[in-house]
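Dumping the structure here so I can ask a few things about it.
Going in written order, the chains are labelled A, B, C and D, and every chain counts its residues from 1.
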Amino acid sequence: MQSFPSSLLNGYRNFMSGRYVDERERYRSLAEEGQSPTTLVIACSDSRSAPETIFDAGPGELFVIRNVANMVPPHEPDGQFHATSAALEFGVKVLKVRDIVVMGHGRCGGIRAALDTTSAPLSDGDFIGKWMGLLKPATEQIQNNDVMTPAERQTALERISIRNSLNNLRSFPDIQMLEESGNLALHGAWFDISTGELWVMDAKTGDFTRPEV
Amino acid sequence: MQSFPSSLLNGYRNFMSGRYVDERERYRSLAEEGQSPTTLVIACSDSRSAPETIFDAGPGELFVIRNVANMVPPHEPDGQFHATSAALEFGVKVLKVRDIVVMGHGRCGGIRAALDTTSAPLSDGDFIGKWMGLLKPATEQIQNNDVMTPAERQTALERISIRNSLNNLRSFPDIQMLEESGNLALHGAWFDISTGELWVMDAKTGDFTRPEV
Amino acid sequence: MQSFPSSLLNGYRNFMSGRYVDERERYRSLAEEGQSPTTLVIACSDSRSAPETIFDAGPGELFVIRNVANMVPPHEPDGQFHATSAALEFGVKVLKVRDIVVMGHGRCGGIRAALDTTSAPLSDGDFIGKWMGLLKPATEQIQNNDVMTPAERQTALERISIRNSLNNLRSFPDIQMLEESGNLALHGAWFDISTGELWVMDAKTGDFTRPEV
Amino acid sequence: MQSFPSSLLNGYRNFMSGRYVDERERYRSLAEEGQSPTTLVIACSDSRSAPETIFDAGPGELFVIRNVANMVPPHEPDGQFHATSAALEFGVKVLKVRDIVVMGHGRCGGIRAALDTTSAPLSDGDFIGKWMGLLKPATEQIQNNDVMTPAERQTALERISIRNSLNNLRSFPDIQMLEESGNLALHGAWFDISTGELWVMDAKTGDFTRPEV
């Protein structure tokens, strides 16, 4: 019926005549020996925050989960379909990654939707509304703050969401255990789309600062 | 406590001194005007199948969902947290993308886990087991097929998973309606990690062939 | 009785043998012709945020008010002694400055004292407590926010204080009138002590960003 | 709306490429460990009398209050907003400074305004008039003295204002007590803008002389 998007086909041609030429052997060996990334990144679906781009990562380097607002639900072994939890389990238990990075970013549409008290639900199912409900108590506190600007509230909640995801990661017994035994490290990062700045979370205080680069 | 992975910081430095220099204005304008990608890609979390890499896509081009085995659960408006459905809703209803691409790939670990009848559940929750259950009836048929080789069974299920995701996409009333009215097109693709080949699904037959490039 | 602090005398000697030598004529002419600065800066008394240092300003350039947390009380023509209002009046009506800059800074001790709910008033008079009361409603909102880190709350209130001072400046009829007629411009700035970064307030949104330097 | 004054941005660039480079570590450590200045200076808002310039002081050295004519109101614990008293309290009780310097200067516009009997009030509030009223009895005596020249009257009142501020400082019970116990010393200084000379007050006699430098 519909033809495959030509922009993607053109991009694929660029890949094949460019990057792939240099990395042909790497792809082949990654196919034969399997992937063994040591870092799992949970990032936003946003088109401006691809971890492979921001971290200049090649094939085989990053195991990546992407959903709206880079969120991790709490551990709920209820027999339902859990995209994020399943991918986490795969990364931690099968691939045995050593680092998990939750990467948020500025101008996040999911966070904006969460803070927007005026819009009606998007649909009957309203999956976004439910999903952003993972941040509910924090969202309400930030929404009610009328002394910060909208942009300040947005940035605050973006960073709170990262800390919230990290807390929820620790509700997974395996992750908690691996972190405590020193076999897994959890990190937070926030990417400023407008300036290209990467802000890294201090694991102790939860504050974000720019690393010296 | 733990310091941010140095490989990521090094990659970020490369990004800032390389690609970002050329795209500074694009990032800035994407920050100010917001993202407006026309394509949503559902890809696997696998470290070897980053859509931005394979489609040589820049910032702002692809809205990306990544989970294990690039799967879409059926429409279930049950009030639970649905990472994938929420991101789909955001892409379709907020960003109003025109194309959705489900991209699978060879040597997929999630598919291999689904076909593997010998392993015990990975955890109490066994999120991967549940998640791969989305492919259950197809998986059982392929598992019981003893005239295909293991690699053939694997490739077969990888492609079945793509068609299964496309079918489930159509269980979302909005997606179905938009597709029927010609405002949204659904596509399948399969990336061969070992050769770099992209196989594109024929929308009518469901078969995968290589486009002329 | 007590002798004048030797560190200040030593510093004064450095001034006389260094900078003053170069600026002797400038001081003489500023003495004879009087000062005519075009910018008034309201800064914090903090020893790390001297505007002359941060803006590399020479004699005659900046008319400077310094108090705890760079605050401006609202216009209150009640016949009391108002250090800040008197200095504002002098700058605006006598010197006819064209720009007023409210400059806050990170790690502000006054802001920290305002956010600290555990300390008792410092003294019977408790002048700091009263003074920081200028920020009261905002302070309470920020204090009750338990999803931001202490450092995030501190930075938020520092910036709110700048906006609050700017609002209070506009409660002075003369300032309001001059601003409306385009003869006076009000600005906000925030200095990050730990990185040396200057963040400038967007007059329209109240947000702080770093100017390109 | 209005753009930040370009002269200040240029000055900030000079600061960052000059002085800040040398003092980067000092700023960082002052941010992390907090300020601990041992000297509090009360100076005039005048653009020609920045204490950091005259005493060649670096970041962290001087806690500075600046208002018109470097004045201290008497201790008035009346629950009003007192910029100067609050800053004094902060310096003395929180920072525990060891020295307080009241620094006046020649050609002071506030003192000139106080001596000028011909001008009408500047505004309804007439904050300067009220503020300079802190010097009222002395001002009247000097105004009525017709055997001193205008310049002599001006210098005389500038120095009287310094002694007046020192007296008012002693009306603060804590300051009085700390001075009596030898834990705090009060000083006066007068800066001659036209010659660069610093005159220091003899604590016993109240006279101003030039220290040997």
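Simple rule for what comes next: contacts are C-beta pairs under 8 Å (C-beta built on N, C-alpha and C of every residue); 3 or more make two chains touch, one makes a residue touch a chain.
Values in this document were obtained by computation on a predicted structure and should not be read as measured data.
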Given chain C and chain D, the chains that contact each of them: none
Chain B-chain D separation of Cα centroids, rounded to whole Å: 67
Chain centre separation (chain A, chain B; CA means) in Å: 15
Length of the line joining the C-alpha centres of chain B and chain C, rounded to whole Å: 53
Residues of chain C engaged with two or more neighbouring chains: 195
Graph class of chain-chain contacts, one of line, ring, star, complete, other: line
Chains touching one another, given as label pairs in label order: A-B, A-C, C-D
Interface residues, chain C side, partner chain D - complex: 1-2, 4-5, 7-9, 11-16, 18-20, 24, 27-28, 30-32, 34-35, 37-39, 45-48, 50, 52-68, 71, 73, 75-77, 79-91, 93-95, 99, 101, 106-107, 109-110, 113, 122-128, 130-134, 173-174, 185-187, 189, 193-196, 198, 200, 203-204, 211, 213
Touching residues on chain A, where the partner in the complex is chain C: 137-138, 141-142, 144-152, 156, 159-160, 195, 205-207, 210
